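Next come two complexes built around subunit A: one with subunit B, the other with subunit C.
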Partner chain A sequence: MENHQSEDTHIKPCEYDPNVNQDELIMAQEKQIAEEIKANTSMIGSLQGLGSLAKEYSNDPVYSSKVRTLLPKFSNVRRTRPDGNCFLRGFIFAYLEYCIHHRDELTRFKKYLEGSKEELFEMGFPKFTTEDFHDMFMEVVNDLEGSGSVGRVEAVCNDAGTSDYLVVYLRLLISAHLQKNAEFFSFFIEGGRTVEEFCKQEVEPMYRECDHLHIVALTAAIGVGVRVMYLDRGEGAAVVSHDFPEDKEPIIHLLYRPGHYDILYKA
Partner chain B sequence: MESSYNSRCPAVKRLFREAKELHEATEEYFAQPLDDNLFEWHFTVRGPADSEFDGGIYHGRIIMPADYPMKPPNIIFLTPNGRFETNKKICLSISGHHPETWQPSWSIRTALLAIIGFMPTPANGTIGSLDYTASERAKLAKKSLEYECPQCGSINLLLKERTSNNKELQEEAREVMGQVAVSVGVENKEENEDASVSRKESSGTSDLMAPRDQSSTEVTADISSSSVPANSKNTESHSLQATSQTTLPGNSASSSLPAVGGNSTPEILMEGADAHNGRRNPISVSNQGYMYNLVLSSAIFLFIGLVVRRIFLLEGETSDELDEVLL
Partner chain C sequence: MGPEGTCFECGVFPAKLIFPPDYPLSPPKMQFTCEMFHPNIYSDGRVCISILHAPGDDPMGYETSAERWSPVQSVEKILLSVVSMLAEPNDESSANVDAAKMWRDDREQFNKIAERLVRKTLNLPYP
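Moving on to the complex of A and B:
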């Protein structure tokens, strides 16, 4: 009997069956999509020419004209896995890649990381687990200090365990920065939530997408300039860009398309 | 045991660390991995003082997903307690409007505190929760001391003797509870393997590839029985038998996991569990919705009735008949 029912729902997924819990079906579908994404997209993809982007939109006049304006400025793109961590993974990869070419920045970042742990403890983050994530990040930075190569960064960022740990630590840093400046950030939080609630719901859990607020906080906390190019259906042929923080020369370039970030390389 | 695991795997590293941190039994809780499986732990918690669980000692399993701590652990009670059904998963996630939010910086200790914190809270009809009376729970609390775990032995020896009320810890437990929401999944939805085995054994059906749809119907069936405590006692004893059989395959499935680091089977099954825990219980929500609808529609009818009566009154007709109908 049970078997029959499940077969029926498979054959006619569109028909509403009051005996089947619709929420469960939606969840099953969401899970399936997540599995497919996981199977088909690496966390940080390989370096591609920007032409691949142009090709993707060959049938779309708005996007293709906008991509054309990007072509002289950027040469390459690296796609990231759209799993809600794309901004953070993209940021980590692009930043670490920058660092292995700019050793003084790596040294500065390492020093910042070392200090950040105590700051998180002081703010009441659980010591035991925070240390775990911090140690992993230090391990990665130490490793890159020794044998840094783009290949190594690629490997680190595509190793699920390591990559996720780095993402978690950045989430903690963002949360800490937002809470430290709660008075200011509270004006930008929607839904009548406190900054702390926002952090617990939108920042610290994995797979929650990064919004303006996250980016503002992260770039301010680490002191790294990021330029985001917004590729959307907004008016005009130009691609709008935004620098975080506004007064800092960007060293990381990201391409934003609604709901997703990829890494861009300057021409 | 350390040598048989891939120590590069963060989950393995983290679990060893947590095992070390929790190595010593406390007065209120204790949890350690099984000797042969780092990804299955057994826990023991004392019933909170000042509650009907006082004096009870409760034992259960904690199943770690392959990508712990990115995904939450799953908790299963083994000792009948009158608050949570036994042999059903209790999944931890954050409460509020964004349920899919276990935080990687939480730990097994957080989960244990959440359990302690949740025990005295009302069951509110969520799936897997039991609404036993205080006296029934107290009876179970006494009886719980006799429970013997096949792996851990007599459980009332596992905790340190209680020397105080441990107010501070209870306070912490309450605080943790405020952040963590508990929802309970059905055992069949656990690991694909576990589920398939238990299904084969218990009902004879075995469609491995479509457990989702099946389990959703099972959940529905389950709620009707668990809303009546007397019934659910029966189901509980049944499912107890069922899992004592399923425990073994579950163990062997996940014990092969850490050596490879990325064994895909447990990962899938844990995500299945997670997907479930991610939502607040959809059925109980719709149950509530039903109640609201009922109240709302009767209010509307009453209002219409009053308006009609008013109209009749204005027109000067006698409303005795109408009153009779309405009141």
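Moving on to the complex of A and C:
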């Protein structure tokens, strides 16, 4: 009998409490999950052999056979934190790392960055705040010009204060490119939104995931070729790849799994 | 400052802004520290307008066109939005249901309460 009672007090039906804002509870839980991811995953992970990927899917016939097709082409992978910024963080890490080994590209990128500020101002981005993000980016590029090493890029991209500022500025560049070419991009935007609304909701805020449109805009704006390898449950044994922009030789390789991007290294 | 030509005109309403560790990536919170009666302000003073929320976290289901937080927004922009909120409450997404109802159905009574709050902030005698 006693046993019964204690069980009753343990299993309470899920009651709806009208005094508690359910949306706020959901937001609090989402925040907690984000905090856990933050605590457990670095923004840019260390270099791993591609074998780690194969191991992850040893019990999954579809994925493991697809990963096998990647093995001869790619040697290593770097994992990024899944916080909605993974594409941008992976992109800028891989690009700056490339620039370390290709100094003329770093010079070109610096020149592009310098000019981009005025362009953003002209498009109506608020001067006072935009400048902050721009200046931080310039500082990073100037620093790499002087004492650039892959270790330095790793440190910069894993320092929250710096890394997040780079991501914000990339978001502004994407937004500017989409809005400058609004007539063209408006055909690809879902939900009856204008290009400007799309940028305010899906591009400029942090932690919003990048989609095709973001990638098209960023690679076109900076003029950098990116190849994305799509690892999913789609038909066929091969991993489908796509180049952004289509006519440019890719210098960055990213691995896409539904909802997430990591960095790949060619064998 | 309550905006001119509205029921909150001349009022000086103190409020605090609370900045998160990852500001400006995430927005600050704003809370009035004086008594307020307004459709978009909770009874504990917390301000509920779209610019204080990033898209995605959506306690009030704001319209898609509403101004949202992004890292290039500024404190100045927030204050401007709050002043315009005082002038034009949004009774579609109300944080204070009583205030929203009164704003809609009994504007005279709403104005009376607002006037009392204004006088209170100015240390003037109020009914």
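In the analysis below, the second predicted complex is superposed on the first by the 242 of 267 C-alpha atoms of A that agree within 3 Å, B and C clash if a C-alpha of one lies under 4 Å from a C-alpha of the other, contacts with A are read in each partner's own complex, and residues count from 1 in each chain.
Here, contacts are C-beta pairs under 8 Å (C-beta built on N, C-alpha and C of every residue); 3 or more make two chains touch, one makes a residue touch a chain.
Quantities reported herein were computed from a predicted structural model and do not represent experimental measurements.
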Contacts of A:Gly223 with subunit B and subunit C, given as first, second, both or neither: neither
Partner chain(s) touched by A:Pro205 [first = subunit B, second = subunit C, both, neither]: both
Touching partner for A:Phe133 - first (subunit B), second (subunit C), both, neither: both
Which superposed partner A:Gly234 touches (first subunit B, second subunit C, both, neither): neither
First (subunit B), second (subunit C), both or neither touched by A:Glu24: both
Chain touching more of subunit A, residue-wise (subunit B, subunit C): B
Subunit B versus subunit C as contact partner of A:Thr162, first or second or both or neither: first
Interface residues of subunit A shared between complexes with subunit B and subunit C: 21, 23-24, 27, 30, 125-126, 128-130, 133, 160, 164, 168, 172, 191, 197, 200-202, 204-208
Residues of subunit B touching subunit A in the complex: 8-11, 13-14, 17-18, 21, 67, 69-70, 94, 96-98, 100-107, 109-110, 179, 203, 205, 207, 210, 212-220, 261-262, 268, 271-272, 275-276, 278-279, 282-283
Contacting residues of subunit A [partner subunit C, same complex]: 21, 23-24, 27, 30, 125-126, 128-130, 133, 160, 164, 168, 171-172, 191, 193, 197, 200-202, 204-208
Parts of subunit C lying in touch with subunit A, wherever the complex brings them together: 22, 24-26, 54-60, 64-65, 67-74, 77
Touching residues on subunit A, where the partner in the complex is subunit B: 2-3, 5-7, 9-10, 19-21, 23-25, 27-28, 30-31, 34-35, 125-126, 128-130, 132-133, 136, 160-162, 164-165, 168, 172, 191, 197, 200-202, 204-208
